[in-house]
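First the structure, which I've put down as structure tokens, then a few questions once you've had a look.
Going in written order, the chains are labelled A, B, C, D, E and F, and every chain counts its residues from 1.
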Amino acid sequence: MEAMTAVCATPLLQARQLTFHRGDEPVFAPLDFVLHTGELLLIEGDNGSGKTTLLRVLAGLLHVSAGTLHWRGAPWQRDAVAGDLVFLGHQLGQKLDLSPRENLAFATGLHGQRAEPSITDALMRVGLSGYEDEPVRRLSAGQKKRAALARLPLLPATLWLLDEPYANLDRHGIALVDRLLESHLTGGGAALVSSHSTVNFHGGEPQRIRLHG
Amino acid sequence: MEAMTAVCATPLLQARQLTFHRGDEPVFAPLDFVLHTGELLLIEGDNGSGKTTLLRVLAGLLHVSAGTLHWRGAPWQRDAVAGDLVFLGHQLGQKLDLSPRENLAFATGLHGQRAEPSITDALMRVGLSGYEDEPVRRLSAGQKKRAALARLPLLPATLWLLDEPYANLDRHGIALVDRLLESHLTGGGAALVSSHSTVNFHGGEPQRIRLHG
Amino acid sequence: MSTWIPLWMHKLASPPTFYRVAGAIRPWALALALLLGAIGLYGGLVLAPPDYQQGDAYRIIFIHVPSAWMSMFIYAVMGVAGFVALIWRLKLAEVVAMQSAPIGAAFTAITLASGSLWGKPMWGTWWTWDARLTSELVLLFLYLGVIGLYHAFEDRRQGARAASFLAIIGVINVPIVHFSVVWWNTLHQGSTVNVFGHSKMAWDMLWPLLVVTLATKFYYAASLCARARTDLLDLEGGKDWVRKIADAEARP
Amino acid sequence: MSSLHEFLSMGGYGAYVWPAYALFFAILIADSLAPGLRRRRILRELRARLARHAARTVRAAEPPSSPSSP
Amino acid sequence: MAERVPATVTTACAAMLRRDLLLAWRQRGDLAMPVLYAVIVTVLFPFALGPDLALLQRIAGGVVLVTVLLAMLLALDAMFASDIEDGSLEQLLLAPQPPALLLGMKILAHWLTTALPLIVIAPVLAGMLHLPTAAMPALVLALLFATPLLSLLGAVLVALTAGTRRSGMLLALMLLPLCVPVVIFAAGAVAAAQQGLPWLAPIAWLAAAFILTVVLAPLACAAALRIALDS
Amino acid sequence: MAERVPATVTTACAAMLRRDLLLAWRQRGDLAMPVLYAVIVTVLFPFALGPDLALLQRIAGGVVLVTVLLAMLLALDAMFASDIEDGSLEQLLLAPQPPALLLGMKILAHWLTTALPLIVIAPVLAGMLHLPTAAMPALVLALLFATPLLSLLGAVLVALTAGTRRSGMLLALMLLPLCVPVVIFAAGAVAAAQQGLPWLAPIAWLAAAFILTVVLAPLACAAALRIALDS
């Protein structure tokens, strides 16, 4: 596992003096970081320090105001990145009137699906067996979150951008996210995670960025 | 502090074999508990075990299906309870186009206001100085939560029903909730709190209920 | 930005410079507008003789026609500025496009109102569903749509670009307004003024009309300068030059 | 006096001509006053924003909500 | 626990009204929208029917009435939607005040912000369709009583659909049968005025219905909300 | 990372269409709503205008056209609203597919679920207002071309308002200038048919405009969306 992270020469994502301005003010101070496949980058910071904003910039939902962002060595471009990235924000992007299974089927239709877990398996992994065909509207807050998390192992993306993945989850849910992250990194993926609680990551010490609003 | 909790003879809230049914199935097993002023009751349970549902039943937003619920010795009645209870759910009940100050002014107009903290003070306590007049829409997830928490010290209510008050908050925010709870209990209030993380309550060991979905 | 744009344009397009230049232009443009307006209206209301058919009612022409021309002219300016804003993402072009919209809407409203007031004695009705009248009304809706869309966005520059897109789609309406009297046989009269060739209008009536037209052009310049300056203050709120102005005006 | 009255009556069309002119001037005056008012509001809000920003920086320097040092 | 500001019915009503007007003001672009919608619908008719003056004049009153009604209907949909979505409605029901009164304030604010501008613009719309000036007072008076009636009835229905997520059209559906008598009386008044007949009788009926509704609707509204939200 | 189901353009379009149709089916109560809305608006007219057969017959075509258009407008508003609210639109833009195509599918689904039922019911509505049977084919054909035109044009505008929170009425305002010619041609065809004149020419114009729009609108829609969402 450790070996893998060192092998790749061109980094997956590289930021140099990256900032985002709202109006005329920068939301966070210029950032520099390098992320290789197999690596995890934790984004820390107090409420309002710009974690969500940073993740949305990296997903291409907001435009970089200054600095550069490179994806696999080339300047960041929507078409190169699109299929290779999953973003999970405060809003979960689930249709409340569809069941978790139907929501996932839509996501895999759009993004493709990995060979390994089937939709049913993925839902089982996140602990939603028995709720596959319930409308998402009828799920509890934590169950909704789990339904959204089930997209992660399904979609064939290298980079995961997770905004507070632990919020609303119980103990098992937290352990679940840790497990998902670990197997993703072992399989050659990479992830940026923002969180207020601590990540129990067994595959070595992750990188950390601290934002100051 | 400990003395206070023991003094009150009639309990603030008393449940006997309380349940709530969705369709025909009970969401949680029949519950018995007694809550006096000065006491804290923690509701624990995994995702989907019925914490939110229980709190909504206690707030009077859902109807008790079986069992009894007593408020200060008399059967639960909307008019007796209404002004004396604050409920903070997954949805924060803030208008996104108003500022925190305006939202709080509305809440105090409806519920009345305690003598002690002014709206500005309450916002300072939750760490939103400088954001008093920003539309809530422009706040980060944690800042929105804090704006909602500012209602707690302002409104003259005895019972607080808090559904996952710690979600989306940073360290300071978590300590803040603990402090708010402590001063509320010391001042003769009572609270029911559902949470996945641990509460650092300095005023003695709180009661606990564990729900099994 | 491309190198073929002359240096002075680059300089002018920088907000603080434009702010200063527009501040210098505005009083002159306004003074000229007032002067020409006074001359033109004196010529039109006092000197020009009554019309042999319409009597004195025709004197509405001196505000109706200049306003009508401005309503179309400003829309065209907005379309061009919007196009530049979309292609080159030039902040100043966004400002010009978006600040033109309310002025254009004002002139469109004047055209509609004065036309109605003229129509009552001439046609016996305030309003008919004639092609020119209708297309002018549609022009007002286009203006309002652009303004509404612009303000619907949180981010002003984004709103400006979206509204520019809408403005460009709507440009087709301008020729429709102008040629509607040619394409459809309607109640509203056709072209009587021809700037280059022979006009069908008596010179006594024509010159005040042209002078007022010029006055409205200068008025537009003055109003645009004022609006653009204000808007730049809003857009550049975080910059030092704006903070200086804010502090300077805080004291008195 | 009578010539002024004649002028104002506009050959019987005064009721149409003068409202048209009144509207013309009213709308243009409103249009030319608007930027001034907006400018005052913008500068006032900007000053308030700068003051708020200062309040936030003070808070960041010594967070009142945390007794322990970060 | 001493209260500095006690929660009286008056403060609560004032707070409610102030908040809703403030929200309307914050989104003042939206304020103009029902008016624009009415203008648009009115403008479409001459296109669809051709610019035949006599025909337009004949249908002017009816078209304006139906148009204003549709514009109000559109706005009605949004009356509780955002409050349900963000949890404010629950908070409202937990307040120590009679919900009927608070909802009455909401309806009042809604009427002030949507119906009043429509009433102001209605004569202009009617003028564009060549309604004779003599019929204008009847039109405005009819609207003055008909619109609050619709607001009140609409509020009850909106409250009933509060729990469902498809209120918009459903509402239109439920409200329109209730509108039929309102439209008949209002249109009757305008038509009478247009023909030079006395037109106060239908207006008086509207006024009577309005007074009855103003008393009953907020109560029904509160009851409906309670039913709709309790699942 | 082997993919079992690769993400081709076809699967993506199919997934998009399936999801939107499924959502429409889940809320199939809503599916009937535009139709019922149109029915009720049509029913209101005789009440507002009085039961004058000749008059109703004269305005039947125009009223049905305007009504169908308004019903579509109502539904248009909701096209992206819920997708923006729950974050699905962001997810859509992150997919490795041309957004224009995906949005085209959304528009298609929207047309299938709102306009098609309206076209089916239109002759019935027209019949209620006594439109002669001879004019029915013209009405249906005109709607067959006019409604997708409106859907497509509407989609461009909806995309422009994607980043905002008050699309509903604003949309109506922006769409009006674009629907005026559509209404004129459609109404022209129906009126001609009603008078026994040849009515294919205006329909041919509508068809030409439709073909042009079907090509251009998805592109414009994608451009608009890009402008509206990139900040």
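By definition in this document, a contact is a pair of C-beta atoms (placed from the backbone, for glycine too) under 8 Å apart; a residue touches a chain by one contact, two chains touch by 3 or more.
Remember, it's a predicted structure, so these values are computed and weren't measured experimentally.
Following the contact convention of this document, B, C is the list of chains adjacent to both chain A and chain D. Using CA-based centroids throughout, the chain positioned farthest away from chain B is C.
Taking C-F and B-E together, the chain pair joined by more C-beta contacts is B-E.
Looking at which positions face the partner, chain A and chain B present mostly the same ones, since more than half of the interface numbers are shared. Separation between the centroids of chain A and chain F, computed from CA atoms only, is 37 Å. Between chain C and chain D the centroid-to-centroid distance comes to 20 Å (mean Cα coordinates, whole Å).
Note on chain placement: the centre of chain D and the centre of chain F lie 40 Å apart, centres being C-alpha means. Separating the centre of chain A from that of chain C, both taken as means of CA atoms, is a distance of 50 Å. Annotation for chain A: residues 25, 96-97 touch two or more other chains. With touch defined as above, residues shared between interfaces to two or more other chains in chain E number as follows: 27, 29, 36, 40, 43, 47, 165. Along chain C, residues 134, 141, 144, 148, 152, 154, 237 each make contact with two or more other chains. Those residues of chain D that touch chain C in the shared complex are 7, 10-13, 16-17, 19-21, 23-24, 27-28, 30-32, 34-36, 38-39, 42-43, 46-47, 49-50.
Of all residues in chain F, only 27, 29-30, 33-34, 36-37, 40-41, 43-45, 47-50, 55, 58-59, 61-63, 65-66, 69-70, 74, 78, 166, 168-170, 172-173, 176, 179-180, 183-184, 187, 191 touch chain E in the complex they form.
By the touch rule above, chain F contacts chain A in their complex via residues 1-7, 11-12, 14-16, 18-19, 22-23, 26-27, 82, 85-88, 90-97, 102, 229-231. On the chain A side of its complex with chain F, the touching residues are 59-63, 79, 82-87, 89, 91-98, 102, 105-116, 135, 156, 158, 187-188.
Interface residues of chain C, counted against chain E in their complex, comprise 125-130, 134, 137, 141, 144, 148, 151-152.
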